[in-house]
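Heads up, there are several structures right after this.
The two complexes that follow have chain A in common; it is paired with chain B in the first and with chain C in the second.
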Partner chain A sequence: MFAVAKAATVLGVNGHIVDVEVDLARGLPSFEIVGLPDTALRESRQRVRAALKNQGYAFPMHRLTVNLAPGNLRKTGSAFDLAIALGILAAGGLIPENRLQDVLVLGELSLDGKIRGVGGVLPMAMAAVCEGITEALVPVDNGSEAGLVQGLSAVVVQDLAEAVGVLTGCRSAAVPKPAEFLETGYSAVNDLSEVKGQLTARRALEIAAAGRHNLLLVGPPGCGKTMLARCLPGILPPLSNQEAVEVARIYSVANGGLGQLKLTLAPPFRSPHHSSTKAGIIGGGLLPHPGEVTLAHRGVLFLDEVGEFGRSVLDVLRQPLEDGVVSLVRYGYSVKYPSECQLVMAANPCPCGFLGSSIKECTCTGREIAAYRRRLSGPLLDRIDLQVWMDALKPKDYHTKQESSDKVRKRVVAARKAGDNTCDTNLGPADLSACARQILETAAERFRLSARAVQKTIKVSRTVALLGQSCQIGAEHVAEALTYRLSL
Partner chain B sequence: MSPRMYLWGLSLLPHVGSITAKRLINVLGSEAKAFWANTRELCAAGGLSFKNAKEVVSAREQLDLALKWKVLNEEFIGGKNNKGLITWLDRDYPPLLHEIPDPPLVLYFWGKLECLTRPTIAIVGRRKASPRGIGWAKRLGRELASFGITIVSGLALGVDAAAHAGALETGMTAAILGSGLDRIYPRANNRLARAIPKKGVLISPFPSGTPPLRGNFPARNRIISGLSRGVIVVEAGERSGSLITASLAVEQNRDVYAVPGDPLDVGASGPNRLIQDGAKLIFGAEDVLEEMYLSRQLKLPISQEHGKTAPSEASGISKLDKSLGRLLNCLDGPLHLDEIAVKTNLPAADVTSGLIQLELKGLVEELTKGVFQRIG
Partner chain C sequence: MAGINLRRQGNRYEHMAAGYLKERGYKIVARQFRCRQGEIDIIAEDGALIVFVEVKGRRTCAFGLPEEAVDWRKQNRIRQAAEYFLWSRQKTDHLCRFDVVAVYDKGPQKCQINHIKSAFS
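Up next, the complex of A and B:
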């Protein structure tokens, strides 16, 4: 009286296959789950018991032990319900014993036996294929995710009885439609044609998009910093299918199976509030959960009012931005979350926001301004390639007509393509033209640029040159890059 | 033991300002006697209250004057870094300062003290100046300094710093501090302060280690106006430090000049009020020169470094391409990059790249972030 079903759990953004072993033994009736289950998983006993009863199956009057193997891996979530229920039925002889061997079974049970969607189906299904599992039973809500995975024939099931029917062959299997790659995500973000004036900042945004540069916008309140930043995903090139799946995988884990997964090609855009905690930004918790920097993977992380963020919160961003990955170490295990995102920050020039503004007087004291700037400065600024000082809009700018995001995106895509063709990103000073080198030297002396600043300028000049479809970095490209040098 | 030492000693005592010191010296006959005055003499001759006099005496007892003097002299007489101390009694004490009612007993300096023998003009104004104000201060500083005038100011942020920076480009400048010479305040001006001793002078009435206390600044303002033949107020709010300097200048019988501004502008209310009260309205450096009986013909040979770059700049203009010329022409005042782009109808890429090129050629300057102005 023994059966094994296959389920899976998620660690980081990777799925791990878990064997659900069910043993029915003589003795006083009891129901025990072992193998490091978390609370949600331990509670599955009640759900399984009720679901079996309400679907018309008799709950075995045996000593019932469920073991989740490997035993040293922490298992989380409610996705094991269906596997446990089917395992019990198989152990009781209702389902052929070997039938469950090569089927990944995922789903949460409601008390009446209906199957609810769960989080992380995409990485779990991917892990199943790696382990040689070829079949999967998944909730209807997760059908599109599971259908995406090549080499896995997924079946969606609505309730426990249907699942049993499919496994015993009495019912025909409903094959889910795999999720489609949608480009509609672009319509959700702001369009550049809505942004009035701010010509320099628009240009900086275009350069940032073309070169994946991190950007800092400084300007008085209401000048359009946030709006501009929200336009950035709209001018980024669409994700490749592979990238879209990477992103979908993260959201599959993070969303906890709430509704159908959207497989959008528009890069993600995250703008956490400045009261966010460290764990909220880079991920964390006792059982780690991805943070904002991971949710912005392959997209944009926007920190509005960056001066208001806690200093320690900004500091923890350094390593993820540098390495493109967050690794969180917990007792006994560690998880890695991808975090390759583009950082955009917006800040006021001083606490009141009007320092240097042409429309309003600043009311801050020098000490306040210095303290505010100190909070902005520091190691995070090292990651910033471009900085723009914006001024308030002039009334006559309100009626100007501006380019749309689609047009700008075309240029960005062209520049990226040109950049990919000319190989590596570490274009050294050798590719600077003679006058470009001269202007860079003069500027380095005049503006007292550090070696790092010079390096950044070259990096940005390269992007500017690519945007201009030029094969060499000229003086005008370096000069433009210098405008956006970091200065606080 | 020299009278200089005792004069210096007097400057270190609490409650003893220059007026009290002067009185003590006159009544008691010498600097030494003034320094060693007992409580009764301090009260009678110096006009101090009994409590203050006792504090003076106790402070004096804790002060090992001879030893400190020795240390000070060792530090200065080495003469390595142009640092030094001048007192009332010295020949090179600025003569203009002797004219004011309460000249400081001693001044600590770092740099070229001789720049105070030239005609001097003070430029003061707001710390939070507008780009326009910064532009004016820089331009006035640059132009007046090129006529051999030493620009005096207070090394504060905004107008002061701009005036010093402008003057350093073509001539000399003197910065008066409200703290010890080793405690540059505000720290944002550290770099500027380090550049000044090479071409001008840093001056403080306070010994090394004195922090920039609020109470130090009136004394500094008095010296700024006292050292100068005239004071130019560029931008100032009503009831501001700059207006105090201007009223001190009037008391000290100095000229007051003011750069006018829009009446609705907060930063212009100070100079506008001064003009209403009779200050001379100036449109540019010429107005000041005229008032000082210096004409353009008197222009001193400007420093070599500047002379060298000037011709190359001139020939550079002809070589500039069209869009740079267009940029240069549209800059009739301080303008933000975006405004320039709208005005010239050039794409933002050309505007930003062009302005940096012009800046590196020395034809325009960035006043505040993103705001540019034409030079000259």
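Up next, the complex of A and C:
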């Protein structure tokens, strides 16, 4: 009257295998779930009871105890329903007892016994392989995710009866088609050929794409800041398959199993509204949930109207930008979310928007401007390698023809490849030409650049050199990099 | 309704329910089992199974069906009383079941009985 099934829960973006132990004992009938279940999991009792009944199985008249081991790990979500139901049937003798030992079972049950998709199947399936589990039963909606994992033979099941049939061997198993890497998504964003004028900003965008640098665009309203920023994902090189899986893993957790997972090679582009909270940006909640900076992992986090964001919201970005990981600590446990993204921000120079523009006079007072500028803290600006001033468009620029994103992307891909070949990310002053070093030293002294600013200027210079297919960082590369740091 | 003895009315329903169960092969073990924890109207045996029965009767459905009147508070009391019963008789290793017998009272000779097996657990 005892059985164990294997299920899994997600902590951060990592899966953890959980043993679902089911015991049937004589005595007053009851149904308890122990082992730190959350509310959704405790409610699973009602779903399991109804699903078993409606699929034609008698609910046992026993004292029924379900234990989720390890006992100190918090279990969340509704993915345990199917494992609990099958565990009960196995404890009742309907499924051979040891049949469930090496099968990962995931799925939420509906009241009529159909199996619904759940979130986080990809990381859970990966964890299963690490634990030596070779088989998996997953909902139809999550089939493509589970099929992606090497070394795990996944089977999709529609309802409880089918799951029992597959386990007892009286029904043939439906093997899912693994998700394919799609290069779609590029067509969805703006194309650079639509952006008129703004040659400096276009150049900065290209450098940002080639070197994964952070970018700040400042200019009067209507000069094309947002449009230009939206072009950035279109000129980024496609993700490698490994990166695409990394991204898919995050979305598998974040989406909560709504529909089939798309495995796209286009880098993600996130543009949260400026009313977003700290927890919305870096992730959080009582049970942590990935934030925008994590959803933009390996892609672009675009903050439009950055002056309207809360100052504290912007400042929480400082550490994730530097480390590439968000570490959230909760009572008794902590989670880590990857956050290697490129930050692009757009802002007006002052509240009215026209400070320094050639088309309109600014009407703000000095105090207003100072208060507006203060919303972007110094430490955050220090992390922005490319700061670009964009002026309003001249009427004669409206009909100029511009390069398309595809062309620019080819240059970016070539520069990245060249950069990967030299494979030296900690490029120090040694690779600078003597003349370049002198310019940098003078600038650092004159403009009081921080050590980080100098380091980052060198990195931008390196990217400029790579884009120009040069093998040494020359004076012109450093000079160009410095203009992007000092233009504001 | 004033003047009707509710206690006697309840006993009448319980009597009818017990008769109904006996007809269907149940062996009545105890009636009106009382302890600190609560009260159980009928305790019967259905083969090896111990059945705890709550009897509820109504003369009108204006205030809801009789079986609806067995709310979670009543269920809890029955559950606790059942636990005490099993302990006191050293029968904790038996399988058991909680039933509700609803009596629709439509006059002296026209009573309808609805037996809900495994009404709660």
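The working rule: the second predicted complex is superposed on the first by the 464 of 488 C-alpha atoms of A that agree within 3 Å, B and C clash if a C-alpha of one lies under 4 Å from a C-alpha of the other, contacts with A are read in each partner's own complex, and residues count from 1 in each chain.
Methods note: contacts are C-beta pairs under 8 Å (C-beta built on N, C-alpha and C of every residue); 3 or more make two chains touch, one makes a residue touch a chain.
The structure displayed is predicted, hence computed values, not measured ones.
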* Since both structures carry chain A, what do chain B and chain C do when superposed there: clash or fit? -> fit
* Quick one: chain B or chain C, who's touching more of chain A? -> B
* **First, second, both or neither for A:G27, with chain B first and chain C second** => second
* Asked: After lining up the shared chain so the two structures overlap, which partner does A:H62 touch, if you call chain B first and chain C second: first, second, both or neither?
  -> second
* Of the two partner chains, chain B (first) and chain C (second), which one does A:D397 touch, if any: first, second, both, or neither? -> first
* Structure fact -> To the nearest 10 degrees, chain B and chain C lie apart, as seen from the C-alpha centre of chain A, by 130
* Asked: Can you give the closest approach of chain B to chain C, taken over C-alpha atoms and in whole Å, for the superposition?
  -> 72
* In their complex, what parts of chain C are in touch with chain A? -> 49, 79, 82-83, 86, 92-98, 118, 121
* Okay, in this complex, where on chain A does chain C touch? -> 26-31, 61-62
* Structure fact -> chain B residues touching chain A in their complex are 127-128, 130-131, 157, 186, 188, 266, 336-339, 341-342, 347-357, 359-360, 368-371
* **chain B contact footprint on chain A (complex, rising order)** => 197-203, 218, 349, 355-356, 358, 361-362, 366, 370, 388-391, 394, 396-397, 400, 439, 442-443, 446, 464, 468, 475-477, 479-480, 482-484, 487
